[in-house]
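Below: a set of structures, written as structure tokens.
Look at the two complexes coming up: chain A is in both, with chain B in one and chain C in the other.
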Partner chain A sequence: MAPAHRDPRIPAPASGKPWRNAALVGACLVLAALPVLLGASNYLLGLLISALILSGIALAWALLGNLGGMVSFGHAAFFGVGAYASALISARLGVPVLLAIPLAGLCAALSALAMLPTLRLSGPYFALAILAYAQIFRILATEATGLTGGGAGLQRFPGLPTILGLDLGSRTGSYGLLVAMVALSALAYEAIRRSHVGTALRAIAHSEDATRVVGVNSVLLKAWMLLLSAFMTGVFGALNAHIIGFLEPAYAFSGLWSVMPIIAAIFGGYRTVLGPIGGAIVIYLFDQLVAKDLIAVGHQILLGLVLVVMVLIAPNGLLGLLKRRAGGRPHADA
Partner chain B sequence: MTDLILQALFSGVLIGGVYALVALGLALSFGAMRIINLAHGELVLLAAYCAYLVETRTGLDPYAAIPLALLVVAGVSAVLFLMIDRIRQDRELNSLILTYAVGIILTNAILLAFASDVRSTASPTLQDAVTLGSVYAMTGEIIAFGLSLVLMVALWWWLKRSWYGRAVRAVSSNRAAATLMGISPGRTELVAFLVAGALASFAGVALYTMSVIQPALGHALTVKAFVITVLAGVGSIPGVFLGALLLGVTEALTVTLASSALQDLAGMVLFLVVLFLLPNGLFGARARRG
Partner chain C sequence: MLTLEAVTVRFGGLVALREVSFGLQAGEILGLVGPNGAGKTTLFNVISGLTRARGTIRFEGRDITALPLHARARAGIGRTFQIPQPMKHLSVRENLTVAQVFGAGRHDPARIEEILDVMELRAQGDRDAEGGLALQELKRLEIAKALATEPRLLLLDEVLAGLESQAKRQFMGKLKELHARFRLTIVIVEHDIETISGLCSRAVVLNFGQVIADATPAEVFRNPLVVESYTGTADA
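Our next item is the complex of A and B:
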């Protein structure tokens, strides 16, 4: 399926200059280390941890939206499955937490297998079918009291362990772990984007029929993107569960886990890798520090407004806007 | 037991009438503009809260709120339309996200204005029980169902006979050809959007007279309306009506035979089964989705 010659009409992946990319990565690392170096309070680190969890889901959402061309309104399903799977695997089966987390990601990907028939659907039908799945998962988790503890919640499961003298359960440790996990996810995303698979996916976005004609199994590729996105979301759901130490269906499968990543990714620019990550941090901190202060109940109205403004003024997100201002290409391609 | 099942079937049919109104609005704007208005349920809820406002402030019957509801919902619909109309790039995806965002704004605005309490009509006339053989209903439910039937016939007539109704169908089936025939697609879309808003207004007021409302309901209504449009297939009013009755009855039977916690599950499962097994909906349709 790997095309031998690159069609000139299909935009090549933005490669940039190597030193520029290295400088970018370095800048991000310095930025990530800054809160710890400056001795940020546990409260601030806690906020940043939640923001990074959101970054991970936003990245997973953008991966599906950008590479797979599918808008999901139901990522809460994968988040919830990952959270419960990791808590149950570590508590019931005694599997070490750091092993339970990737296993939980696999469980989320397995749950996405049930959604494969939705790949036949396009656009709004896919978006709403996934939403239906998320609702079904939430109701099932509430009803399966034997497994999940139902509405009463689940709290007897281990937290993050201490590795090589670093207590991952501490605020600083969790923060470091999440920075690493988000960076890892971003690298994986970037690697796929640059691979032949990425080229094929961009071609599908231009014309799915034409791409199928030249022998690319588009449904298979989209299925892989769905599973990968589910895996990533599940892993971050699992991380969040072990950091918070408490689960209930209304929280783990909350619609917020579907909404916030969309707002974050659209805000930052869902066709870029850094956009969803930065967007999530900005949006989460804005929501918690500014919006909640202004309006205690119903502060999401401001997020809704942000989303409306972004779609109308800068559908490519802040990064897309910056690129255009910088005189780059008119709009950032995949 | 038979009595319980009969009662569930009857109640399901009655709520199905209001579901049909909600779904027809969504289907109309989808038919005309090819976009799914994810804020449609919130528009319905906005009208329901207009009824609540009028009833509590003036003591009038909730149905007296219809002019206010029409005005408010039409205003919001027009703003929504203008915003959607501005989208140039990735229209399908961006309109989906835009209407979703408007839904979030409306839900939270309602939450801010009316708090998260559950509200329902206080009118004793509307809550009076009517017995029909072994089943019973509230007067409000019967009136709402009657209103739904009348509006469905009116919509059918409008689409079939009126100039704008025909224009909506023309734009829906072939935009370019319709433009060549002298129809302004932009104005036609706006009219379709406003008629959808009017349907939402009636549906909202009717919902308030027969059921309970709360801010989170808007999103659930959008999903129900979408489920019904999928059940019905594209472009058939009787299909939407039957799809809505099917959803109402399925929900009511689930509550009676299983538990109320599973009510939404039944609707969702019905949705997925139809989506996968009958891609054209239950009641046949010309166009295939996707």
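Our next item is the complex of A and C:
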């Protein structure tokens, strides 16, 4: 039988250089394992855990910003809803924590349904609407004392369990779990970005009418990105809740959960997958190890300065800067 | 194939289209003619779903008046814009892929290559659709995108504008080829009498948002009302 020949004029589907991606993933995992292998202190592991939580939210924010073309100032709502939902589902309903966490992600996505009408808004109007929306959840969490404990907070809910002898509640266990969750989120993001849906979303961000006129339901695709971003943020909110073991509205719905991911994603390069992750780790460690020492109260002001400098010297973020130095393309796609 | 019944569009106090009614048979090439501001592009926006209107629009027997823009593309209505609107930051080939996957509901790379060949865009396939193409290439991309959605009705908005007469004649040949090859029904907005006469079996003339003539091109261009709408005098 004659071998089947592909029409040479037809370009092969984008392979995305799988060997390169595999090497990149391998390098990232080795890098992630280093703190544990080198016997990092509990303090350092604690910082890295918080940085990875921030990485997850920054990635979710970038998914909405880069693929959905929407700038959100309201991710604190999804983070807080995920945190409270997981704590309540596991404590009140007795659902195992590892099942409560994805359910909490679904709760965060459900809470985002209320935001769907705002998808018809664009630019600053969407940003303002979602900012107001986040405040509503903070007020609800404070006022619903019977459910959330109100301003006094919520303490009695289970921590992360032990699975196959690995205590996920320990610093090492939590760190490993978060590395896996961030990696999973990054893979999901990358799969969407490389799909036809990802291509259409890129087009919607810059030319919405031109995209709709060829049959793309832009509102539906943006809605999916909002729900997915809310789900991811809710999952990381839930993980954080079970790691720290305490929740109060002022913490769970703090504006910092909206602002820090933005700073981290833009600093790292929000149009890439690795940028928000790397940006969150660098920004958080800089904040905790350097900025806090320099200015004890209001140290976040230094993050603003760092971001301004980064935007001025490298608009494509840290990853874009590294690629430029390495002689790569300015449009990072890693 | 397409029926417009008393279609009216108002922008504030301005009536852009007033009670426009006409029908279109499958396989026809219809010229839509009229002076600037007559409502031709508004009518395309109404048929393709970009602008809401009063009245009724039926396509292949189905009332599509309430269908949104993307659903009309999926129903089989493709269009081009007078000022080309490529999907920015995407290559030419990606533009066609998005149009095919979402407009036609399938992914057939061989068909995309066929369209690139027909529209003489294969060499530009990997170029950025926004910054990498000349104006005429952008106009061909407009048609290619619409073809990728596998339309049965194609709305062409001044795709021949800016071409010299020799190039215009060649492009008219290309449009006839597309009409036969893809079994299209075409509505084309065009000012040039020679183009309308050479391409269309019928012409509808709009003036101040109203249909003032609907006949063969030869009859239309002899109609005193049409002459007056263009020149301001019936004696010209």
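Following the convention adopted for this analysis, the second predicted complex is superposed on the first by the 307 of 334 C-alpha atoms of A that agree within 3 Å, B and C clash if a C-alpha of one lies under 4 Å from a C-alpha of the other, contacts with A are read in each partner's own complex, and residues count from 1 in each chain.
One rule holds for everything that comes next: a contact is a pair of C-beta atoms (placed from the backbone, for glycine too) under 8 Å apart; a residue touches a chain by one contact, two chains touch by 3 or more.
Keep in mind that what you see is a predicted model, and the values were worked out from it rather than measured.
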{"item": "Touch count on chain A, higher of chain B and chain C", "value": "B"}
{"item": "Chain B versus chain C as contact partner of A:Thr199, first or second or both or neither", "value": "second"}
{"item": "Which superposed partner A:Ser207 touches (first chain B, second chain C, both, neither)", "value": "second"}
{"item": "Touched partner set for A:Gly215, first chain B, second chain C, both or neither", "value": "second"}
{"item": "Touched partner set for A:Leu166, first chain B, second chain C, both or neither", "value": "neither"}
{"item": "Partner chain(s) touched by A:Val308 [first = chain B, second = chain C, both, neither]", "value": "first"}
{"item": "Set intersection of chain A contacts, chain C complex versus chain B complex", "value": "none"}
{"item": "For the chain B and chain A complex, residues of the former touching the latter", "value": "35-36, 83, 86-87, 89-90, 92-94, 96-98, 100-105, 108-109, 111-112, 116, 219, 223, 226-227, 230, 261-262, 264-265, 268-269, 271-272, 275-276, 279, 289-290"}
{"item": "In the complex with chain A, residue positions of chain C that touch it", "value": "48, 50, 68-71, 73-74, 78-79, 81, 85-90, 93-95, 97-99, 101-105, 107, 109-110, 113, 122, 125-126, 145-146, 148-149"}
{"item": "Complex contacts: residues of chain A adjacent to chain B", "value": "65, 71, 73, 117-118, 120-125, 127-129, 131-133, 135-136, 139-140, 142-143, 255, 259, 262-263, 266, 295, 297-301, 303-305, 307-308, 311-312, 315, 331"}
{"item": "Residues on chain A engaged by chain C in the complex (per definition of touch)", "value": "7, 9-11, 13, 196, 199-200, 202-203, 205-207, 209-218"}
